[in-house]
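The structures considered in this document are given below.
What follows is a pair of complexes built around chain A, which joins chain B in one and chain C in the other.
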Partner chain A sequence: MDKLNIIYVDDQREVLSTLSKDLEVFEKYFSVEECESADEALELVNELDASGGLIALIISDHIMPGKSGVDFLIEINNDGRFGQTKKMLLTGQATHQDTITAINQANIEKYIEKPWKSEELIDSVKILLTEYILNAGIDYEKYTPILHQQTLFTILQSRV
Partner chain B sequence: MFKLLLSIAVPLLILFIPVNSFQIEGLTIIEKRVIALFVMAAMFWILEPIPIYATSVLIIVLELIMISDKGMVLFRSSDASETFGELLSYKAIFSTFASPIILLFLGGFFLAMAATKFRLDQNLARIMLKPFGNKPKTIMLGLMIITAVFSMFMSNTATTAMMLSILAPVLVLFAPNDKGKIALALSIPLAANIGGIGTPIGTPPNAIALQYLTGGNTISFGEWMSFGIPFVIVLMLIAWVLLTIIYPSGTDSIELKINSTFIKSRKAYIVYITFAGTIILWLTDFIHGMNSYVVAMIPVAVFTSTGIISKEDLKKISWDVLWLVSGGIALGLAMDKSGLAEHVVKSIPFSSYSPYVIIAGASLLTVIMANFMSNTATANLLMPILAALGTSVESLVGLGGITTLIIAAAIAASMGMALPISTPPNALAHGTGAVTSGNMARVGVIVGFIGLLLAFLTVYILRLVNFI
Partner chain C sequence: MAVPQLHIDPDLIAQLKLKYFADKKKVKHLKKSDYLMRQNQKNSRLYIVLQGLVAGFLDTGSENHQEIFRSGKNMFVGVHSFFSKSDSAYADLIALEDSKLAYIEFSDYEGANEAKLYEDFVQVIVNELSSRQVFAKDAMLEKEAAMKKLYHSDKLATLGQMAAGLAHELNNALGVINGNSEWIAQQIYNRFKNSEEKAVFSYFEKGYENGQLLSSVEVRKKKKQFEKQLKISSSSAKHLAQIDFDEKSLPATSVSESLDELIGRMHYFWEIGVAIHDILVASKHGVHVLKSIKQLSAADQARHEVELNDSINEALILLKNVVKHVDLDFKAGKIPTLVANNGELVQIWVNIIKNGCESMITAGIPEPKIQIKTSANKKGVTIEISNNGPEIPGNVKQKIFQPNFTTKKGGLSFGLGLGLSIVQRLVDSYNGAIEVESNSKETKFKIKIPIS
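The block that comes next holds the complex of A and B.
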């Protein structure tokens, strides 16, 4: 079975622990990994990719010591290995310009502002994972319980 | 992992048992290999250690290696003993990938793909839903009719996905304890499963059935619809009444929104005309002489030459469904051509059973298996045996022989709909969270049982009017 990974990056411990609680529902189907910096995350995705793992989704904070979240996501976006990977920016401190760069250059699929609502985040993650799984040519059947139903129906109806 | 090992070990064991220990007189070595292949197919399709379409590919490849005239030398050499049997032509095995049945389905895929691409399905759904007002009860009937009609030409899964995406925004508006929600969510997969019976391309088991109805038993597209459609109408009305009784709605009115308008472009008109034209040609074979398989290639040619289906679209075709059926045809071919099917049927004293028991037993077995595994795989496994039964058991001939048995089994294969795992439409409806497995089982078992009785009634009437 292809191993699907969700990676979240933030420099604050409290944020990581809240996120980890929110993302708990996905742990049965995905391997959920946390990182404290962009560099650590880059190292991790390289490692996972080399061992045949698939990166389904990256959730990243923006302002972090070292590499910024937007720069990190641009790097991911320009990397052919992660062409299908979904990217979400989760931040409270991105400037107007940062946001524009994130959309235009990192091609982020979702922008969620801190502080976030649990249900909103989980719903967004579900949508992105559903899109990833159906577009990346992975058999969706065994993931059905965790997928975003409306998104699943919309994509499936165009398949014959 | 255990499932995989078991599914490999048992057939291997059969390969190594001496032929004469099978208690079937005159069994050849080739036939014994086919038994091993059949057991392997059955175990792989039931236990599913690998995807079901992969099992089909495996069957074809193993047949080519083990029982074809261009197979591995190891399997070809015989000490010229009579018990070796006849090797199959490798070309015949290869041609199962492109049998007329497969191409009929391909034609159906092209129609469905073009219709979806140009939103013909959404637009028809919007228009057809209008007369049904806004009461949950009548809307449900409307949704079921639309779902059933679409699933006759599109895959049951795509139809269900489309209808659920229309329905899902409404489902969340229901009060948590309103049973009407369950009825609505269940109505879609029920109608999709039932509707598939309507045409030969509605669902793969129908096409597999046609594969075994050859020569004097051939059934045309229109002939299939002449009993398929009435069956669908009656069973769907029963299912609708049942749903309204078991899960009455406490809501007065619901509003379904379908945002779509007819596309008015040259390509869109070609799609509309080709869609209607193909169906008309399918129904009028007695005028123009082209059978349904030939007609099915017309939309393929029209849509590719006009660019309506692009080469990118071609990649979206469900090859898994086509290959799943191919494997079944190859399995049937091996059982028939090696002589195994007839051999086995003759060695079991079926003739001493009442023909009614045989038909009822076969249909019941089909519906039970279809509940727990893929309907198509069920048909793949059972139809070759039933075809042999139908032609060799004397007492069945009076009841329509092979045709009766095969049609009853084809309908029964679509009646397996009691569990979320029974069919993809069921799984999708269960995924909405509005329906529990219990809800589904209650309605699925009742409708499945009534459907089975209705299938018997159908073949009985067909026999009365001398159709079979």
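The block that comes next holds the complex of A and C.
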């Protein structure tokens, strides 16, 4: 079976640890991976893709040493292998121009500011995962408990 | 302001002097500060300065009179009122030095001689116009530069005042977070140290002391190893990897507990320890950031007699954790006692040394070195701080002393872009100078402070 992955990228280990607590609820259904830089994440998505893994969602910080989060998400967006992948920018420091670039060129689906509220973050992740699973034509039934019920309902309704 | 340069042929001046200003009766002596004429006063004379210096001031109604021109030897005064026939002076003319002037009366040349007079003086008139133009332009530029400086220092002062208030409030908040986190850690320690959980409790201490020690790459690598070796679930393998598990230290499982459950408990304690560790790291970082911002505010600037070399040693103690990775060489010269603020001096050294160490560590220099040398001569003291870190590129070098400029972006060592701008401001306040030389072998900051 294809394994679904959630990847989050932040150069600050303390932030990764905090985020991992919020994402723990998804661990039962998804493989959740942490990365400390955009380059590490690029290497990881290549590896996962090569072994048949699917990248459902990438959450990235913006200001990081080396490649910025927005540049990283633009690369992902332009890569045919990850056409369905949902992208979220989680940052405390993005200029107006960064944000415009993120929306126009990286097609990010969600922008959340630091410090984030757990509930809002988890809700957004659920919505994006629900959309991903249904758009990618993956059998959603075994994921049902972790999906965003309202979103699931709306999408299924529109298909009838 | 300098006296505008003459652009008139000296021969012409000599001819004019001979032809028009030779009358010994038409000479005026002025003492320094004497008025030659006052604004709006009738004037029908054209003066040439034989000796001394005369300046024109506009009375703008305010306390500061605006200087609009000055005339030195062989330059003319009263050109405007004399030739424009406006009859009255448009500025106060005051001698800046004891001066001697010769003059002609317009009435002597009215009528037939008038055309000849204009012809002879056309160059003088044109020159007068152009030199006033230059004077006005220079004055404007000078004023603009002063305004800019004022605006900048005003901005810094406002930021400083805000910072002081902000720092006080946030330090209180951080103090509460810090104190209570340590208290909670102590309670957990007391509660579990000798409990039945004590076998796995060591992981709380490990997490509390070190935080998440392994990088995400290392965690992934170890996770794969554990998955293979111990044949456990991928989530248990990840937990073992995160806590940097050493196989020899696996506590015995009880009969009623599976391996996954045991790993879960170990990880749980570790995670609580890491959480408190991270809170403390974050609040310490907050305190550090506030301290840097606070330096901008004028808290204690009193200056006393201080020993320069001592202030450098103090900085090195503060930077103990940074410089321990670096080969340090401090050659302290014989330095006379300076009148300075010790805290400010320490701040200068801390910022420069810390920047140097961080740039070497970030660049992964194999044998990082910091060399400090102090020396003195009659004029002042010189402090050289060099490192063998990467070369600062030319375009970066121009900006390093600007506020808000930083090359450090990530991690907890991130900079506010204030360090070297603070250094610059402090060195300026001692009328000192700072320069930076950087090549592929070394980067050297050289600071000179005059002995006042």
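To be clear about the criterion, the second predicted complex is superposed on the first by the 159 of 160 C-alpha atoms of A that agree within 3 Å, B and C clash if a C-alpha of one lies under 4 Å from a C-alpha of the other, contacts with A are read in each partner's own complex, and residues count from 1 in each chain.
Note that in this section contacts are C-beta pairs under 8 Å (C-beta built on N, C-alpha and C of every residue); 3 or more make two chains touch, one makes a residue touch a chain.
A quick note: this is a predicted structure, and the numbers were derived from the prediction, not measured.
Undergrad: Using the superposition on chain A, decide if chain B and chain C clash or fit.
TA: fit
Undergrad: Tell me the contact category for A:16 with respect to chain B and chain C: first, second, both or neither.
TA: After superposition on chain A, A:16 lies in contact with chain C alone.
Undergrad: Just checking: does A:74 make contact with chain B only, chain C only, both, or neither of them? Give me first, second, both or neither.
TA: So A:74 meets neither chain B nor chain C here.
Undergrad: Put simply, what angle do chain B and chain C open at chain A, by C-alpha centres, to the nearest 10°?
TA: 160
Undergrad: Where does A:141 make contact in the superposed view: on chain B (first), on chain C (second), on both, or on neither?
TA: Once the two structures are laid over each other on A, A:141 reaches chain B alone.
Undergrad: Would you sort A:54 into first (chain B), second (chain C), both or neither based on which partner it touches?
TA: neither
Undergrad: Under the stated touch criterion, which partner chain does A:36 make contact with: chain B (first), chain C (second), both, or neither?
TA: second
Undergrad: Going by the contact rule set out at the top, does A:63 touch chain B (first), chain C (second), both, or neither?
TA: The answer is second: A:63 touches chain C but not chain B.
Undergrad: Once the shared chain is lined up, is A:153 touching chain B (first), chain C (second), both, or neither of them?
TA: first
Undergrad: Once both complexes sit on top of each other, what is the least C-alpha distance from chain B to chain C, rounded to whole angstrom?
TA: So the smallest C-alpha to C-alpha spacing between these two chains is 17 Å.
Undergrad: Determine where on chain A the residues touched by chain B overlap those touched by chain C, and list them.
TA: none
Undergrad: Which chain C residues qualify as touching chain A in the complex?
TA: Going through chain C, the ones touching chain A are 211-212, 215-217, 219-220, 234-235, 271, 274-275, 278, 281-282, 409-412.
Undergrad: What residues of chain B sit close enough to touch chain A in their complex?
TA: 51, 109, 112-113, 116-117, 121, 154-155, 157-159, 161-162, 164-165, 168-169, 316-318, 424, 427-428, 431-433
Undergrad: How about chain A: which of its residues touch chain B in the complex?
TA: 139, 141, 144-145, 147, 149-150, 152-160
Undergrad: Contact residues on chain A for chain C in the complex?
TA: By the definition above, chain A touches chain C via 11-14, 16-18, 21, 27, 31, 33-36, 40, 44, 63-65.
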